[in-house]
Amino acid sequence: VKHAEDLRWHKNLTAADLVDQYENVGFQSVNVARAAEAITRMYRADAKIFLTFTSNMVTSGLRGFFAQLIELGIVDGVVTTVGGLEEDIMKASGEKFSIGRFTEDDVELYENGINRVGNLLVQNESYMKFEDKMKPLLTKAYEKKNRWTPSDLFEFIGETLTDKHSILYQAQKQDVPVFCPAITDGSFGFHLYLFQQNHDDFVIDVVKDFKNIVQTTTHEDKKGVIALGGSISKHHALLACLLNGGIDYAVYMTTAKSTSGSMSGATTKEAKSWGKIKDDSDAATVHGDVSITFPLVMSKVLQTLHREGHIE
Amino acid sequence: VKHAEDLRWHKNLTAADLVDQYENVGFQSVNVARAAEAITRMYRADAKIFLTFTSNMVTSGLRGFFAQLIELGIVDGVVTTVGGLEEDIMKASGEKFSIGRFTEDDVELYENGINRVGNLLVQNESYMKFEDKMKPLLTKAYEKKNRWTPSDLFEFIGETLTDKHSILYQAQKQDVPVFCPAITDGSFGFHLYLFQQNHDDFVIDVVKDFKNIVQTTTHEDKKGVIALGGSISKHHALLACLLNGGIDYAVYMTTAKSTSGSMSGATTKEAKSWGKIKDDSDAATVHGDVSITFPLVMSKVLQTLHREGHIE
Amino acid sequence: VKHAEDLRWHKNLTAADLVDQYENVGFQSVNVARAAEAITRMYRADAKIFLTFTSNMVTSGLRGFFAQLIELGIVDGVVTTVGGLEEDIMKASGEKFSIGRFTEDDVELYENGINRVGNLLVQNESYMKFEDKMKPLLTKAYEKKNRWTPSDLFEFIGETLTDKHSILYQAQKQDVPVFCPAITDGSFGFHLYLFQQNHDDFVIDVVKDFKNIVQTTTHEDKKGVIALGGSISKHHALLACLLNGGIDYAVYMTTAKSTSGSMSGATTKEAKSWGKIKDDSDAATVHGDVSITFPLVMSKVLQTLHREGHIE
Amino acid sequence: VKHAEDLRWHKNLTAADLVDQYENVGFQSVNVARAAEAITRMYRADAKIFLTFTSNMVTSGLRGFFAQLIELGIVDGVVTTVGGLEEDIMKASGEKFSIGRFTEDDVELYENGINRVGNLLVQNESYMKFEDKMKPLLTKAYEKKNRWTPSDLFEFIGETLTDKHSILYQAQKQDVPVFCPAITDGSFGFHLYLFQQNHDDFVIDVVKDFKNIVQTTTHEDKKGVIALGGSISKHHALLACLLNGGIDYAVYMTTAKSTSGSMSGATTKEAKSWGKIKDDSDAATVHGDVSITFPLVMSKVLQTLHREGHIE
């Protein structure tokens, strides 16, 4: 039996030490420690690991952290929505997003050509520059073939980037596929549509990419999912694994509640019901803002993997 | 200035009367009344109205209510995720989902071949019967053409149904397009993939459907969005309207918080920043479970439209 | 087994009809129906019923509804915080609170002498008039005796009121004790302190009121708690019942989550663990804004009790 | 203008470094950094600082952390509910609470004499031992005088303790008053009531303690409030400061939403409206579980104060 222990600060307290103490604090802090343990276990078991996240996390500074995790070899597949990939490309082109407040005057922002995503601010100009980039990219892609899956297209784009903090850059370097089942749901979709107007045989083959994600793992592989936020990204990774017999490890981090029956709020309690998770240590749900909890969890995971010689 | 008024129960209190009283109660009840007003205004202004919802709502009894709203001519376009459409088809085939508890023993459910969506229970058998239906449907579709948009395909399926409580049935009857930007994110995706294995030229053209949703409205049309829950469904409808100059009316109903910067939690405050919403009466955000709040809001809207002779 | 049923609107849909349909919709709507059933059962079983609520609900239009429930004989004891009782007195004196928006400019409000409670606005002037009332009231009370329990004092104040929408007025009429364990936590506390400065032997005996609340019920009584929101009001009613052997019926309605381990978010799952709740029909937790859910639940309860001849 | 910066892990990443990076990540992580800044500023300005928390936080391992903060001289006054103080005394007597799961079988726990607070488990036995301690303590207190304020009584109890991780022990050592406006709302209340049965002139003078909390600060003092969770603890500290002209610094950390108009969910936006907070850097609201966010925030604060030579 574990007991609640009095948390103590000391100078030089590392983030990993703090997570160690969380294990004995109570409430969601315990789940932070459990999530770190579950991720460490899935890594050690050589599981295929899907990382899923929502677009707004790429708007935030988590974007470079996701790239770092891919670079470090933690991730075997990414599933996300297209808005985040657009912003990864913008940032790789030098665009900067600024930090504002949730309570900004939205009408004033509008008049200044600024879009608000929570407390992050994106200039319309960044989107316009993105447009200028897209047309030549699609033209070049079309020269190679007329039928692309989303994951192929994002690999192709990753090859054109040079920013080591970029998700698409690192994914391409590390041969990590980036799945995006709703590729038209963003500015990207608009550019694909404009391009197709003049190239009627140009198609995005989402069906083929379903095959690709299913074939990313096998029935024999151990499979893990780290789902940040909800949305189709989380659902898609779980579905792909289920078709190969289910997941062995699951970490969900979310602000959504389970009480409305949504996918975003669904907990790993449900995941356990799929029959493959045998040990409570292999699954954890952390309720809280991912921008706080995920770096904390991974600080502990990465310190452990570093000590064990898995990463530098 | 409106004052808080003491709410009183009386016998024969209609749902619409209750919403009338909510206008003067305070906190989220006020937003229920405001949402009813905003929807009434968008209907009266002859706006093109998008209704968006998440899959779990179709698992619930809201499914038949959505169908009724389409039947009554309230809706001009639907955007949703594929899981809900699968379940609409299952229900149209006579499948029944049962009502359980959020605290069910998930391992026991698993052993009994039952899937849990919040407090709703779906039998594996329902999915299997769905599979049996899909293959001949796709074969028939393929005989007509090899390149389908999601909205065309769902219209085609709607034609095969006979259940007046079905979303796809009513949508097809009323010429209301059903958009589903992530059509592969469900059992549906798996069947499309199996079919494509033997019919390599079979493609789902999501890019073309982006054109379709953009062309559902024009710059000149007044445009309204009723977004239930978040996810790409909400985002997609807003995006399609933005490309035609923005929305004039917005009602968001959600359990997500705005504090994590997610699309699901984004409020109509943000929508106002897009510059087209001129009157506070044209937008409302209701925080709460849609299974409670949406029928309440619409009770008031439909009663008003009925009294004004718009609907029977 | 209950199945999810398609919800249908029809003209003249009463609030109670809607709750009937909710029973088969899913997610939190089901809990609305279950809460109505649990409250009906506790009333029929002649249980002693505690109603607890937070101060902000009295700021809202629920205040008159609480008074109506007391008038109708539904409630045997009230537990609340002092801010709400202050506002009940203000409203009984003709003060009006207005309905604003959550996004009001708070600095501007401040400059206009207005306090914001969510989207409700209270003028400083209302507090000042309250002050003028308090001094003579306390003087009159002190003439009778120097040692008062909170529940005695609020009964004494209730006698001075004439507003039938007032909680304190109706409670006093119906001999329903109003418990307020933190009587100093508000403007009231300040006036008690000022009064005590000149009357050192004036004491508020909170310990005696603990005896009073414990003696409101007996071990033999069936006991029920309807807890709206959390806070010490909920905790206090539960505690008082526990000391008499536990509760038989429990309905909790809250926006708080259980995931942080707070009393506000604690569900009736926990209450079941106290060993007295035997039937699942005797307890329900509804997640959602009380200003929406409570009037809905009670519409169904009151309609049933009316039909059964219990109330007019 | 601050920009979103890509977060990077490095080995030996301290908790304080992580908070430094959070400043540029986005969403709630930014508020963690802002809260650290606001607390640092209130300390440097020599403000009188109230720390408020809910009982469940004392059930958790935060209890010893609160004691450490008092020991380090960060806190000038504590406001809390009585359940937490009971548990502080139990822990000081060697009782251990264990860490379980939110999904424990509550009926089984009941049968084993275990109470659940979220994912923390408290044995009935711990409460029984507490009872044995209370009677002699109250007898000894009564020998000194018959009229006690809550803060006096808790100071008296603190003197009897020897556990350096105890809140009451450290508070008494450091002359930090512990206010508890609802002292009867717990097991404590029951023992006070039993004691009063045989000692009718024994009274707890809550009115006098209102004077005490108001006199903890003056109009001239800078005043700061760190409110963890909501409840009357938060409200009481704010009220006491308001009567002395308002607060200059405010940090609120909570899982409650502002959308239901509750005190627990009220943000520092409201606090700014009281007219004294001049600089945005002096207030911050962090949405999230305090068991995660508070130690993080304070890691940064304490490291800064350590570097500046304020603490060892």
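By letter and in written order, the chains are A, B, C and D; residue numbering begins at 1 in each of them.
Convention: a contact is a pair of C-beta atoms (placed from the backbone, for glycine too) under 8 Å apart; a residue touches a chain by one contact, two chains touch by 3 or more.
Everything numeric here is computed off the predicted structure, so don't read it as measured data.
A.B. asks: B-C or A-C: which has the larger count of contacting C-beta pairs?
C.D. replies: So, comparing the two chain pairs, more contacts are at B-C.
A.B. asks: Have a look at A-B, A-D or B-D and name the one that copies the C-D interface, over half of its contact pairs being the same.
C.D. replies: Comparing residue numbers across A-B, A-D or B-D, the repeat of C-D turns out to be A-B.
A.B. asks: Centroid from C-alpha atoms only, then distance chain A to chain B, rounded to Å. What do you get?
C.D. replies: Chain A and chain B have C-alpha centres separated by 26 Å.
A.B. asks: If you average the CA atoms of chain A and of chain C, how many Å lie between those two points?
C.D. replies: Roughly 44 Å separates the two chain centres.
A.B. asks: Can you work out the whole-Å distance between the CA centroids of chain B and chain C?
C.D. replies: That pair's centroid distance is 36 Å.
A.B. asks: Do you know which chain C residues sit against two or more other chains?
C.D. replies: Residue numbers touching two or more other chains: 26-28, 56, 59-60, 103, 118-120, 257, 259-261, 269, 287, 289-291.
A.B. asks: Mind pulling up the chain B residues that touch chain C in the complex?
C.D. replies: Within the complex, chain B contacts chain C at residues 1-9, 11-18, 21-22, 24-30, 32, 56, 59-65, 67-68, 91, 96-99, 103, 118-120, 165, 269, 287-293, 295-296, 298-299, 302-303, 306.
A.B. asks: Tell me, which parts of chain A touch chain B in their complex?
C.D. replies: 54-56, 59-60, 81, 83, 102, 106-107, 109-111, 116-120, 147, 181-186, 189-190, 192-193, 196-197, 202-211, 214, 229-232, 235-236, 239, 243, 255-265, 269-270, 272-275, 289-291
A.B. asks: Give the list of chain A residues in touch with chain C in this complex.
C.D. replies: 26-28, 103, 257, 259-261, 287
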